Amino acid sequence: MKFAILVYGPPYTYQAAHSALHFARAVTESGHQIYRIFFYHDGVYNANALIAPPQDETDIHAQWTTLAQEHDVELIVCIASSLRRGILDETEADRYEKSAGNIGKPFEISGLGQLIDASINADRVVTFGV
Amino acid sequence: MKFAILVYGPPYTYQAAHSALHFARAVTESGHQIYRIFFYHDGVYNANALIAPPQDETDIHAQWTTLAQEHDVELIVCIASSLRRGILDETEADRYEKSAGNIGKPFEISGLGQLIDASINADRVVTFGV
Amino acid sequence: MKRILFVQSRAPYGTLSGQEGLDALLMGSAFVECALLFLGDGIYQLLSNQDAAALGLKDYSVSFGALKDYGVQNLYCSESDLQHRVLETDDLVIPVTALDDAAIRELMASHDVILSF
Amino acid sequence: MKRILFVQSRAPYGTLSGQEGLDALLMGSAFVECALLFLGDGIYQLLSNQDAAALGLKDYSVSFGALKDYGVQNLYCSESDLQHRVLETDDLVIPVTALDDAAIRELMASHDVILSF
Amino acid sequence: MAAKILHTFNKSPISPVLDSCLRFTGEDDALVLLEDGVYTATAAWGVKLDELIDAGVPVYVIKIDVDARGLANRLIEDVQVIEYDGFVDLCANYEVVKSWF
Amino acid sequence: MAAKILHTFNKSPISPVLDSCLRFTGEDDALVLLEDGVYTATAAWGVKLDELIDAGVPVYVIKIDVDARGLANRLIEDVQVIEYDGFVDLCANYEVVKSWF
């Protein structure tokens, strides 16, 4: 079964993104597949590669990255949400004449169409909200 | 009278930061002074210079910057809050081996001591929470 | 084809939830059949006479008028949530159908995906 | 010298509010007299037997034990909020004084600054 | 030496935080409703304010929040509409500010 | 063709969202409590779940959230403690997921 996971929560401030990560790992370990993880609202802050947590806290940005690389999972950041929150890749940083992007690969910026596509093509959509 | 303003809310997602800005402007126009504006919790995201809002929305980062420049107001970003959320100046970016900082001047990173100092030395502390 | 139910539960302006939910609905309606349900404080998004200019925020209540053009015809709210807020459907910027709790449960169960905002 | 009242109103882990509030209190206690009041869900921060290791989050309930070393002696909670949660002060990791609503209002009014988390 | 407290509330009145705010607002205090808090001063929720208002506690709402939400003609009596400069003055006139959120 | 819905709730039980969640949870549905939602399954709030449980609606709590909050020995009867793999299975076994937050 294919799961789409929708993340609304920023790192650390709320538990939602951390729960979504637990859920995503459980999906990959259960024999199911992750169709896509879509970051919306403040969820886009998870893509911020500049996150530098204290050593006794988990690095959630790094954990998303590891999950994506080990299981070939798409991490899609909504462009409308991310621009107004200052989460940019190099292309958008150039377009808006900002000094540099801050999105870490394999997070990718894309449009809301990716949320709708995931809703259509995944068997289940599970939202982690705040 | 000297006001300290404490901002917990991120830009756009909640109204708190926007209300704080309205309040701060009213303080400067009323003959009172702003002792310091302190950004804590998700409020640190206001310091993100990469914010690129749609043209029909206000640019809150730019508005904070204008307020600070016109009225010589201190905009202090809590370092503990900002590191785990990936809001860094160049010094911290170097220290944590990140590609670049993303804090726009005149926002400045400092410690929680600045919150306590503001609580002691301002006549009033007003919090804009989420 | 799948059908998506969008659920809006928050008041406008205090959070961006309503606007980002509406953006998602407009995108969704281009591809599949979508319905929109207002629960709890969500109904405040439709209250008439909103004017957010002085806030410096986008007054998106007018955008709900565009839903018809996007082919979104199934608009619902909770009768009891409306009454609890001492509102009537006439107070709202667009017509919505007020449902009782059992009908809302059925509405949810008759869709393939529920996206909540 | 000014006195600061810290108010903690949220449960632990679901939000970072409690931990960031405690950080601020520890800093404050180095400079001025501080008191700490738990309201509503805030009292859940003190519940014994917390173990957040599997969450990957910091279990900061142990840090409350350090408050004594920081000279923070005035710890309060709401009697009615405690009862509403079917808890007793014995269920908590450190001793706190339960106050009625009138005493809490007086506590607030007797401080120069209130910082809420 | 008990100070007069200015309470602020910025959440929808369905929030349980409103009840805490009202419980601890004393007779010498005042209450400012802002952001989604302004819904509290409408017919649906205004009854929650009755006790304070009867006790003579001033209740204020922020004008731009009222206008944004379409509530200009929907406010209960006995609340005062203020702009941000009035909010600043209130903060100066009361000795401590307690923000409820 | 009415689908069975898996409801999730992740807020403290003082949140008014809990009441919406419970109002719309049908007899064929199930409820997963996670994050601060697990407090709902303790003595103070469990009465809110009585109607669902009496109707045979399964109520689950996430183990790591229960443990983190010190609730392992404080849960009401009739709720089932699950790990994340159980949560994933439930999502697969019910046809739609409604997240309440």
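For the reader, a short list of remarks on this structure follows.
Read from first to last, the chains carry the letters A, B, C, D, E and F; within each, the first residue is number 1.
We take it that a contact is a pair of C-beta atoms (placed from the backbone, for glycine too) under 8 Å apart; a residue touches a chain by one contact, two chains touch by 3 or more.
Being a predicted model, the structure only gives us computed values, none of them experimental.
Touching chain C and chain D together: A, B, E, F. In this structure chain A contacts its sequence twin chain B using mostly the same residue numbers, the overlap exceeding half. The most distant chain from chain F is B, comparing centres defined as mean Cα coordinates. Chain A and chain F have centres, each the mean of its CA atoms, that are 25 Å apart.
One inter-chain figure worth recording: chain B and chain C are separated by 33 Å, centre to centre, where each centre is the mean of the chain's CA atoms. Annotation for chain B: residues touching 2 or more other chains are 12-13, 15, 41, 57, 80, 125, 127, 129.
Of all residues in chain E, those touching 2 or more other chains are 10, 14, 16, 35-36, 64, 97, 99, 101, listed in ascending order. Each of residues 13-14, 16, 40, 55, 57, 113-114, 116 in chain C touches at least two other chains. By the contact rule set out at the top, the touching chain pairs are A-B, A-C, A-D, A-F, B-C, B-D, B-E, C-E, C-F, D-E, D-F, E-F.
Of all residues in chain B, only 1, 3, 8, 15-16, 19, 22-23, 25-27, 29-30, 32, 123-130 touch chain E in the complex they form.
Against chain E, in their complex, chain F makes its touches with residues 14-16. Taken together, the chain A residues at the contact with chain D in this complex read 12-15, 18, 56-58. Touching chain A in their complex are the following residues of chain B: 10-13, 41-42, 45, 48-54, 57, 61, 80, 83-88, 92-93, 96, 98-102. Across the interface of their complex, chain A is touched by residues 13-16, 55-58 of chain D.
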